[in-house]
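Each chain carries a letter (A, B, C, D and E) given by its place in the written order, and its residues are counted from 1.
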Amino acid sequence: MKNTPLLEVDNVSQFYNNRRILENINFKINKGEFCTLVGPSGSGKTTLLQLIMGEQQAHTGNISMSGFPVKSPNIDRGIVFQSYALFPHLNVLENVMLGLNLQSRNNKVEHKLLLEKTFHYLSLVHLKDHAYKYPYELSGGMQQRAAIAQSLIIEPKILLMDEPFGALDPHIRDEMQVLILDLWEKNEMTVFFITHDLEEAIYLGTRVFVLSPYYQQKENKKSRNQGARILLDKKLSTHINSTEIKNSPDFFSMVSQIRNIGFNPKKTRLVDEFNTLHDQTK
Amino acid sequence: MLEKIKQLREIDKAKKIFLATIPFIILLMLYSLASTLRHQDNANDKILPSISQMADAFYIKAFVKDRRTDQYILWQDTFASLKRLAGGIFFAAILGIIIALHIAMLPKLDMLLSPFLIFISMIPPLAILPIIFIAFGVNELVKIMLITIGIFPIITRDLVLTIQKMPKQLITKAKTLGATQAQIIYTIILPQVTPRLINVIRLSLGMGWMLLIAGEAIASTEGLGYRIFLVRRYLAMDVIIPYVFWITLLGFLIDKTLYWISKNKYHWYCKT
Amino acid sequence: QKNFKIAWSHYTGWEPWGYMQDSGILKKWGKKFNINIEAVLINDYIESINLYTLGKFDACTMTNMDVLTIPSSSGIDSTALIIGDFSNGNDGIVAKTAKNIKQLKGKDVYLVELSVSHYLLTRALEQNHMREKDLNLINTSDADIATVFMNSSKNSAVVTWNPPLQVVKQEKGTKLLFDSSNIPGEIIDLLVVNSKTPDSFKKAVIGAWYETMNLLKNSPQRNKIVKILANQSGTNSALFEKQLKTTAMFFQKNKADAFANSTKLKTTMRHVRNFVFDKGLMGNGINSPGAIGIMFPDKTVLGDPLNIKLRF
Amino acid sequence: MLEKIKQLREIDKAKKIFLATIPFIILLMLYSLASTLRHQDNANDKILPSISQMADAFYIKAFVKDRRTDQYILWQDTFASLKRLAGGIFFAAILGIIIALHIAMLPKLDMLLSPFLIFISMIPPLAILPIIFIAFGVNELVKIMLITIGIFPIITRDLVLTIQKMPKQLITKAKTLGATQAQIIYTIILPQVTPRLINVIRLSLGMGWMLLIAGEAIASTEGLGYRIFLVRRYLAMDVIIPYVFWITLLGFLIDKTLYWISKNKYHWYCKT
Amino acid sequence: MKNTPLLEVDNVSQFYNNRRILENINFKINKGEFCTLVGPSGSGKTTLLQLIMGEQQAHTGNISMSGFPVKSPNIDRGIVFQSYALFPHLNVLENVMLGLNLQSRNNKVEHKLLLEKTFHYLSLVHLKDHAYKYPYELSGGMQQRAAIAQSLIIEPKILLMDEPFGALDPHIRDEMQVLILDLWEKNEMTVFFITHDLEEAIYLGTRVFVLSPYYQQKENKKSRNQGARILLDKKLSTHINSTEIKNSPDFFSMVSQIRNIGFNPKKTRLVDEFNTLHDQTK
């Protein structure tokens, strides 16, 4: 089964009230890839993630995991939401430990081990001192960190993250980036990571997608009801733990290339032109 | 400085109690006035007895052994009624939460049961007593069931609405954390709706009392509703009003207890 | 005062009030005395008496017992203006297995406690040298009594009036043990008016009532009227006629007057007020059955002559 | 492709209706069975009349002019009852929302009124009818008021809870946008709780019917509750059951109408 | 009254459940300043903002606006929340127009003018095409933009913003930064701006505060229940519209100075040392 991609998105389009949001989205992700997705606000990144999760069903096209069509969310795909979505009735410790508890056989020895693991993750996200607080007692950034720990602790096959570091201060953000890269390497995870920070996207990813509605169909002008497409799909070289890379000229040119391709509504590219840029990553 | 915060809270509490008593005092004064006026007109008026008349009547029911039954009537009635009320509400809550959880989580069950549930909720139970008697007999059970039948549709439907308004992301999150359908229902949804369950119970307590009293009027030998309907035969408002006041007080205390539980045990609920 | 209101509730002997209102007889008699009279249906019997006692009505239909327990003991000086009928089998005791009153010992008995049913039961027990303690009384609401009895345990009995009495008598295997024809003239159905109301009102009401009685006694319209009354009470003519049979109506004023003047009435009222006092129905703080004065047509008074609250 | 989505929705709808009817059919079958069994036992059984007996009785009430009043009884009753129900619920809603809005926005008023409101909500109105009669007289109004008194505390308290659970930030935001206290109440809070008001009304419809029927049983000459009371003395279940069914159906339709309004006019409500 | 600062925070401390969050916060802001506040996640930035808004009352100390103690929120202080807080029952147009409508006298001529103004602001935040959508139909970034327009349109005397650009893509973020600076200059606004992006803080502000619990009281070790303090209060030179500045070495050294002072729990400074750094900005 080496040839089956882990995740395959096949010609997917999606509508809200007859308005096309996503149009002919196609890509395959292999095990072990770290894909980052960037795109203008409102382009449909979260929507695409919901389709992959199985929270919504695609109106056309197919999405499959390891060859099987995606149905409802399950343990294969971990998720960190844009809005943090912690369980309000559980404190931080219980929230983070939830995934472990749901699968444990409830004996004392095991419980102690799980508790240890949970505290390990809590300290990774600097929430050890806040273990017994409830979500309503947390600041925005603390909620986000708790949500990250909650998803990481069960080490899912594929981890979907929607702007997970958006509310974090620079220090913790750096630490989180290192943490996620660590786990990715150690556990051979596959990550699908949405961010609005282009530098983060390039720094973290082994592959970057740009999802944007700013393109032209054929030679004509932009059509009225066109959905976002993937305008760039580029392999990147991995560079774990070398924060220095962020200052290299390569890096800067990459950032400005992406901004030009995906984010400027005035500069729209032809789809044809794009198609040649779509790396074949199989 | 933390002392100061505490002090402020105490003052707040005192103010709260002071303000809360005002409407009660006004009500009492209005009543006394109306009662006095009626008694000036007709010294034997029974409809608005004076406070002292009611106090006397209440004293007899509460602290003088009844000749016939050799018991303290008020406590006997209270005990009988509270048992029924508790039973009725307990069954309604259990039934309500079980149905609501499953309706809200299983779309097919929702389609199957929701319209029927709405239908059921509109049936005035007192109008179909004969059928209820056939189903439950004429005994303690039927009084409890009357309360249950009247209240559980409200509880169920309210909880379904509550669950449906929960963020879907939480369900998704739970699924990705490996929760089974049962775990979602019992470890994710159930604890989150429990405080709302408490609130709905608080809201339907009034209806519960009403049904209890109606049920006790139908066939019984003790209970607060029984006594009220019995003495109604001779317009003994000097017994009825204190009894209603007593019922209301009990309801108030139950409500406050439930509120206290929800505030302390489910403190996170009010904050979200 | 020009407008008068009469409250009535559903009972065989009182159905004519509805007819008198609908047919305009009341209106006609009101006109004669230059007043307006309206008869209003209050479904709930006790509530109709309460409303009369409250002063919302000037007259109300009730029994000779309830007039003592509610208006009279509430200080409303009331006059039994019309003695419409007495129950002559309209109230009864029906049992599922017991064959006579004696066999009721230890059984569940469903009844509206403190009502005329209770009085009937007490009288039945007296005649059989039994006491209330020998039975297990269960208070029941009047509207549901038939259903309750039919769904109750095998050995139970019920004390009730018509129409539920009719319904339970029809049940398979039940037996009527005792009814009001065993104590004739003791359960009396009245129209009670506030004694303060002017004579014009009293006269108009009496006029209207006996005109109607005349129609109901024997006139070409009788059958039509019975149909209307039956309809109004929620049943059909046949069943209603049956009820009329067990209701001893006074179709003529002189017959009613004669009943009022009889010594039997005094005895009855003594029984009734003792029952009422015994059950504490006169209210707290009243410690003698004579606290309320009852005056008869011959001006003799039973009880306290300074506190006359019921006049025949 | 959009066609396809539409088709799927249609199928869903058909499935929904199909599933929804199942419990009703089961109920009908159970009833028929029970009725048949009882009739085998006793051909004159009145408690569970056969479907055809009920249909006959219902037909007479609905389509044969009554001799006395020269009207179609069912429609007359329905009209009278619906008017009262609508009136009672209308007043309860108005009263409820006004009190709730002000209690929730003015902390002092909250302290003043909330405990009293809880107290009021526990009073079984049917137990203190004489006092209610003193307050409202004996007429149409009192029937309407019985419903209002029974329902408005529930509506008020539920709305207060709803408003208290609204994010505080929205109030802050409104204030910073220059909203006066009145504007906050009427342009910010009111439109946001309206859909919940509709839902609470839906939930308390059952209680409304119950109070209506109780009220009509006490004093009235027409109305669905009056008719049920009248024939109940004869145990005429062949009239009662269709009447109860009819009440339930009306309640169901009112509920569905309210749901439809809330779904269409307040579409944003379900999504948040 | 020239000498009265617009906003004065005087010795404010704040507690949650006996836990000290803020400790002896002191500063004055004059009319026309653009203050940015940075600090680690959970340090109490949002709490401080709530105190200034009047949403909470400070447990000790005083906060006053133009010399008068702050009571409840009012029109003087506009706000953009960290969680966007749009009115769910109003569509984007109505949400943005709300402030104008609340104060209008409801005549037709005026209504047309207000509508025009609203559409102008909608196009500034790129939501013209989404004017009739309800909040639940918007993506995270779109909600944030709507909230920004909603607050800007009424041109408040002082504008409080809590991580307002957190969910925006880089292109729109740049535009928003320019927009806010424009409005600040044009309307002589005063801005108090919380962000977790240090570069943004330095780029936008005329003055930057660092709020952090990472400091030592006297020579002793960190005390157990110490709240966050303002560890740096520095005037900056203004540099509107010159995005280039972000690449200057000054800029970088400033960023790393702030990171060292406020964000690293391991490097804690003495309070005394800090006090000397507190610029006197009156």
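Worth a mention:
The rule is short, and it goes like this: a residue touches a chain if its C-beta (ideal position, glycine included) is under 8 Å from a C-beta of that chain, and two chains touch if they have at least 3 such contacts.
Everything numeric in this text was worked out from a predicted model, so none of it was measured.
The chain with its Cα centre farthest from the Cα centre of chain E is C.
The count of contacting C-beta pairs peaks for the chain pair B-D. If you average the Cα atoms of chain A and of chain D, the two centres end up 48 Å apart.
For the pair chain C and chain D, the distance between C-alpha centroids works out to 37 Å. For this pair, chain C with chain E, the centres built from the Cα atoms lie 82 Å apart.
Chain E has residues 83 in contact with two or more other chains. Residues of chain D found to touch two or more other chains are 47, 130, 134, 235, 272.
Across the assembly, chain C contributes residues 50, 54, 144, 147, 150 that each touch 2 or more other chains. Those residues of chain D that touch chain E in the complex are listed here as 167-180, 183, 187-188, 191-192, 266-269, 271-272. Residue ranges on chain E touching chain A, taken from their complex, read 16, 38-42, 44-46, 82-83, 126, 130, 137-142, 144-145, 163, 166-173, 196-198, 259, 263-265. Residues of chain E touching chain D in their complex: 53, 55, 72-75, 77-79, 81, 83, 85, 87-89, 98-99, 102-103, 134-136, 150-151, 154, 156. Note for the complex: chain C touches chain D at residues 10, 22, 40-44, 47-48, 50-51, 54, 56, 143-144, 146-147, 150, 163-164, 166-167, 170, 172, 227-228, 231-235, 239. Chain D meets chain B in the complex at residues 15-16, 19-20, 22-24, 27, 34, 47-48, 108, 111-116, 118-119, 121-128, 130-131, 134, 150, 153-154, 157-158, 161, 164-165, 199, 202-207, 209-210, 213-214, 225, 228, 235, 237, 240-241, 243-244, 247-248, 250-252, 255-256, 270, 272.
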